[in-house]
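Note that the chains take the letters A, B, C, D and E in the order they are written out, and that residue 1 is the start of every chain.
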Amino acid sequence: MTQANTAQDAPLLEVNNIEVIYNSVILVLKGVSLTVSKGGITALLGGNGAGKTTTLKAISNLVHSERGEVTKGSILYHGERVQDLAPSELVKRGVVQVMEGRHCFEHLTVEENLMTGAYTRRDGRGAVEADLDMVYTYFPRLKERRKSQAGYTSGGEQQMCAIGRALMSRPETILLDEPSMGLAPQLVEEIFGIVRSLNEEQGVSFLLAEQNTNVALRYAHRGYILEAGRVVMEGAAADLRENPDVKEFYLGVSDEGRKSFRDTRSYRRRKRWLS
Amino acid sequence: MIYREAGQYRTSYLDDGQTFPIRLDRWAHWLLIAVAVLVVPFIINDYWANAILLPFLIYAIAALGLNILTGYCGQVSLGTGGFMAVGAYACYKLMTSFPDISIAIHVVLAGLITAIVGILFGLPSLRIKGFYLAVATLAAQFFLVWLFNRVPWFYNYSASGQISAPERTIFGLPVTGPETSAAVTYLFCLAFVLASAWICRNLTRGALGRKWMAIRDMDIAAEIIGVNPLHAKLTAFGVSSFFVGIAGALFFSVYLGAVEVGEAFGINKSFLVLFMIIIGGLGSILGSFLGAAFMVLLPVFLKNVLTGGLGWPTDLAAHLEFMIVGGLIVFFLIVEPHGLAQLWRLLKEKLRLWPFPH
Amino acid sequence: MLDVATDPGADQGRITGETLLDLRNITLRFGGVEAIKNISFDIREGEIRAIIGPNGAGKSSMLNVISGFYVPQEGEVWFNGSRRPPMKPYEVARQGIARTFQNIALFQGMTVLDNVMTGRLNAMNAGTMSQALWFGKARREEVENREKVERVIDILEIQHIRKVPVGRLPYGLKKRVELARALAAEPHLLLLDEPMAGMNVEEKEDMSRFILDVNDELGTTIALIEHDMGVVMDLSDRVVVMDYGRKIGDGSPDEVRNNQEVIDAYLGVSHD
Amino acid sequence: ELTFPSLSYRTGPYAANGIPFADGYADYFTLLNERDGGIGGEMINMIECETGYNTEKGVECYESTKGEGALVYQPLSTGITYQLIPRVTADGIPLHTLGYGRTSAANGKVFEWVFNYPATYWDGASVAIKYLLDENGGDLSGKKIALVYHNSAYGKEPIRTLTELSGQHGFDLLELPVDHPGQEQRSTWVQVRQQRPDYVLMWGWGVMNQVAIQEAVNIRFPMENFIGIWWSGSENDVKPAGDGANGYKALNFHAPGADFAIYDDLKTHVYDAGKAAGAGDQMGTVLYNRGLYAAMIAAEGARKAQEIHGVSAITPAQMRDGLEQLAIDEARMEELGLGGFGPTFESSCASHGGSGRVAVNQWNAADGKWEVLTDYIQSDQELIGRLVEEDSVAYAEENGIEMRCQ
Amino acid sequence: MPDQVLFAIEVMLNGLMAGVLYALVALGFVLIFKASGIFNYAQGVMALFAALTLVGIMEGQVPFEHLINVVFGTEIHGFGWTVPALLAIILTMVVMVIFAWLVNKLVLRHLVNQEPIILFMATIGLAYFLEGLGDMMWGSDIKALDVGLPQGLNTWIDETTFNLFGYGFYIDNLDISAAIIAALLVAGLVVFSQYTKQGRALRAVADDHQAALSVGISLNYIWVLTWSIAGFVALVAGIMWGAKSGVQFSLSLIALKALPVLMLGGFTSIPGAIVGGLIIGVGEKLFEFLVGPLVGGATENWFAYVLALIFLVFRPQGLFGERLIERV
């Protein structure tokens, strides 16, 4: 949290009290509000089914393609209402999402996958090639596999491919859905390293939904905790890390230091804020 | 407020697996069957039987059959017409070779013969998947039609090349041939429909049904957790063809009385039944009925409204009918891509939440 | 099965049984890519065996070899003391090997209950006729197996979503349902491919508990791929480390943790 | 009121052929209503019902109209005919299949309710050969005749007759089936080109006709040696091939064109009154005339029935009597404004098949119209009688029908 | 050379030509499948509609003439002008683009991210609609279509081969033009789909609608584009087949001839459509020539499928289709 602090106050993306309903019957988000400040890294935390993915999809407008709808509230980007824009329009404005669960184009080669990321760009071949090289330096493994069909690469390789693809559009804001999932520990650190350097060097803002709370809170500036479709806690990342509940339930450390996974005894425990 | 699950407890696993978990549904279902069996036969006339109910019932059986294969097991088939033809010709050969045996038995045997043919043409499904599999079933479709047209033995060497159903009775009442009464043919087909629906329901709620659905949803994973794809696919082909064969036999013997293979069982029939199950809902027994109703009843209804009611010239009415049917298909898909059955289910889900939407 | 006291210290590195599965000199190639290069290791009866390694190292491919989905070009698989002849995956499953998948492979169109019931398909063999008429064996089997499945559902705490189509579930729950499906088969050997990806610590703790319980109570042997080192180190008895298709380490968690090659290729900084 | 249903097809694959027929059928009845106030004082109520050439819709049409006192059905499709034969027999409603349907229904002893005059497919086959015999000075031995046919019950109809005839006259018969719908016939015509038959006969329908004629033009098969059955002989079939089709021949049992007195009446009472059916642009085409002709026979049957039974509002059973005692002679046709329009024929209890007299027409591409080439030629009644007898007796036995008219 | 061999060669050549014509229809399917994973059942009807529109424009027909006459009691029969072929083709193309736009706007947009079978169903609805609309707009009579392409036996080939073998081969001029046009189309489309950005986007869309949206590909744009191109291909197919048989309802049934071609070549491969067409064309003609007479003929319909089936058993994704990704 060094240089980024300076620009952090201007809100870039505002989500005000949105509700999302799938199939017009399943209410998933029950009033979620959050802001992503310009040049900030914002983490969205929460258990399975809390609605992180749905929030990101609501922002990028992909909920429509899952028969979901934002029924209440508003989403503002640069102060402008964006919830009725087509997803491609949003990408043009610089918001790109890395979807949960890889979603590579299976039949395209890794390199073609990356090139589709540059679909909306108009700044010429050279710039695109340069970025391709940049992605390859971030993920050397991709370079090795660049001619194979993405469908036949390993889980982690697909994850890198999806992230690389998003980088290719030179976004202003990236919505990252569980980037660390299925990646080797070393690579997780690397990816967050990339996030930080993009953020600091190029001013890219991030909204990242992440289960790996530990790492996420280490890199983020701000965090929101979502439970059952509601924001239950928010604050600066550093503060959250100190919160005893967060510590116990999200970081897996209790007062005595890190617990062994063998030590967990009971299945049902209550979170204090949910009583 | 009546439509609720709450307060209805189930005490055994069998209870839990029953077809209609909600009491109101169950009652509605029995009421419907009671009306179909006890009331309709007394008020039915030739028009309702021959023009509306018979085709509806018979197509419902065919749709059930195809739904097993395509809806439950995920194998796209465009050979329904050909398999119906097998049922029809098998039934014809049986009827004429063993005139003393009950027609009901002939129909079932025709189903079994079709099942064997179906299994045979199902063999390529082991290697060929998705839309590509359609080629195997299309080969069946065209080959079977060609065969029945080409080999005179199948139509008993009649000069016309058509097969026509001689009169056969059940309990002394004619069910085939010219002298049938509306109520008898209706009840005969209804009996087959009810039995088919019940059997389909049983098959799809048990182990076999789960095998099929596993293959449909993800065949590789299914194989890895222990489903033998050969067995699952071929049983689906067999069971499916069995019902389709029965539908074909009834279609020929009870409904039309005389058919020519190319005309009655052409590729259009395959498409028609496929449309029924997609519109009605893949992998849904109710969907088979809804789809059959949609594709059989809607055109008749539109025609009666447009020419009978509004007095349009028949050609404009027919064109408009096409446009409306097409438009409605698209409309329903947009409202609910998973077919009428799913639409119905969602409606009920909403009803259950009513009056508090969330 | 709940709350069984286990002494964590004693568990680690415990003596386990006979060799259950032995992989000998496995080599697997896809066209030009050599995904597995001459790897051998064994899994003993009753142990929790972890397989770790960087992305694309060939871990999932290894599981696929074990479950018969990939046929290695070279090498032998010994199971239960005898060499396994070439087999179809479903035959392997019938020998008592169940698994979960890295990219969730649930049956999207079915409810949770039905999905878990598919785990019991191999135990259900009523004839088509009996099933069609829902009479006799089919009916009996359904109830018996349903009971077993309900136990698994109870253990994994997914009762409340029993009737929900799996397509609607969030990622983490899907993983749990997959585990339930594999468990329902009452396998001898359970293969888990990143069962805890996409879970937060709390959920991982739950999952760990489930895995330990299964291992303790039912004596199920478990092979586990996981990228969370905490989990791997805490749960497993022995660890194999793969890198670029090669085996670079094999031993107790402690041994592996301190192996320099492993640190370089995979762990980066050493994890506690 | 006299009810005549018209099971037409103005949509579907054969719409182009169904429309003119339905128009002609309708216009004739309109004319009778407008000019004469119906038949024998009873107005005509024509109910049109769209079948789309689909058997199931045909059944629906039949069931929905039969309750309205329908006097005679003209189903206009072989498939629907076969459905309806048992049904009309049970319901006691006459069925007229004008030059199509089940040939052996010509035997009224077996098929009480079915009429297929004035000519059948077997008559057609016989006349075609007779005509060719004529052209060749009475000798066809050593000649090769190809039959290009729609691979269906309809297309296979003439084979039996032609086989008999080839035995009699010593010509070779080459059978060339074309599968429905018949858009691609290259291999058929390459074979024609290789085998060099002297003549080609065609039993085609729908798009098959157009493609066959186009292909024949392409391979430069002499058009005058190419003869189609009456369902392969409309303007629709030849026009797409343009000038190349000039000289193509087709059988017909009525005349083409609008040079008949009745057209004057139609013009004043129907067209100019804005009462023409359909788009009103089909006058004088072959199929329009055929519709007209079918309606004329139905009307004459009704008239006859009224005469026999002395009532004006006849029942279907009385209509049957009328149709069964129908006698169309020159004088009557002249009266109707249709002098020379069709062959004369008489029917009786035993004979429902007409006189079996058929003419050959030829297409004149330059003028864009069909020309009558020959008189009505009598078919080989002895041979056809025998074949009809065989087939209908088999049907009677199979269905336990007792012979009537004994 | 013995006669039988010469005949067989002639049959084969004609099979090749027929294959090209099948391929023309199959191409339309391939395009849409490639760009959206949709099996477009309406392709055949689109060919019919395009051809009807072309003839209608050329002959100055008033759209919905019959309907207007019935509703308003008027007596309209055409504008009374004719339009030159080239201009009519351009105007028809405009109509097809509008059609593509409407399809996207009214149908596809609402079905993003649905399974293939559902999109397939939507195209069935479309086919029904278009079938009714086409007839209502332009009438159901058979229309001769002549855009000036030569038709009939090619004399040059006939004479040359006659001089060589003593037997002149029959090759239809129309088929030769079709072959040339098909070659051009295929070359163009291959370049478009393999080597351009839009082509890549097209294939991406077919793989995963959501992911395509997420990288900023506008499905609307891609779909209007491909449906327009498919409309163009349909028009070409309509012209070729229409010239053979007149423009009429049955034209929509040519789709059935394209199906085995499509499956054999692979749903996603443009060159596959051509190669598949050639194999099917030659295969079915030769089979009919050699075996047909023994079994009573008319074998072409089913043999095409059996042939495709045989190939598929060895290559389940078709000759050139993309390999099915089978992984867990």
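To be clear about the criterion, contacts are C-beta pairs under 8 Å (C-beta built on N, C-alpha and C of every residue); 3 or more make two chains touch, one makes a residue touch a chain.
This is a predicted model, so every value here is computed, not measured.
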item	value
Higher-contact pair (C-beta pairs counted), B-D versus A-B	B-D
Interchain centroid distance [CA atoms averaged], chain C/chain E, Å	50
Centre-of-Cα separation between chain E and chain D, whole angstrom	35
Distance from the mean Cα position of chain C to that of chain A, given in whole angstrom	29
Junction residues of chain C - those touching two or more other chains	69, 101-103, 105
Sequence positions of chain A contacting 2 or more other chains	152
Residues of chain B whose C-beta touches two or more other chains	146, 220-221, 224, 313, 315, 318-319, 322
Touching pairs - complete list by chain label	A-B, A-C, A-E, B-C, B-D, B-E, C-E, D-E
Chain D-touching residues of chain E, taken from the complex the two chains share	3, 7, 10-11, 14-15, 17-18, 21, 65-66, 69, 73, 77, 135, 139-146, 151-153, 170, 172, 241, 244-246, 248-251, 253-254, 257, 284-285, 288-289, 292, 296-298, 300-301
Contacting residues of chain B [partner chain A, same complex]	346, 349-350, 353, 357-358
Complex contact set, residues of chain E against chain A	112-113, 197, 200-201, 203-204, 206-221, 268, 322-323, 325, 327
Complex contacts: residues of chain C adjacent to chain A	2-3, 6, 8, 11, 30, 33, 53-57, 60, 102-104, 157, 168-173, 194, 197-206, 208-209, 212, 227-231, 234-235, 266-269, 271-272
Residues on chain B engaged by chain D in the complex (per definition of touch)	46-47, 50-52, 55, 146, 149, 158-162, 164, 166-167, 177-179, 255-260, 262-264, 266, 300, 303, 307, 313-315, 317-319, 322
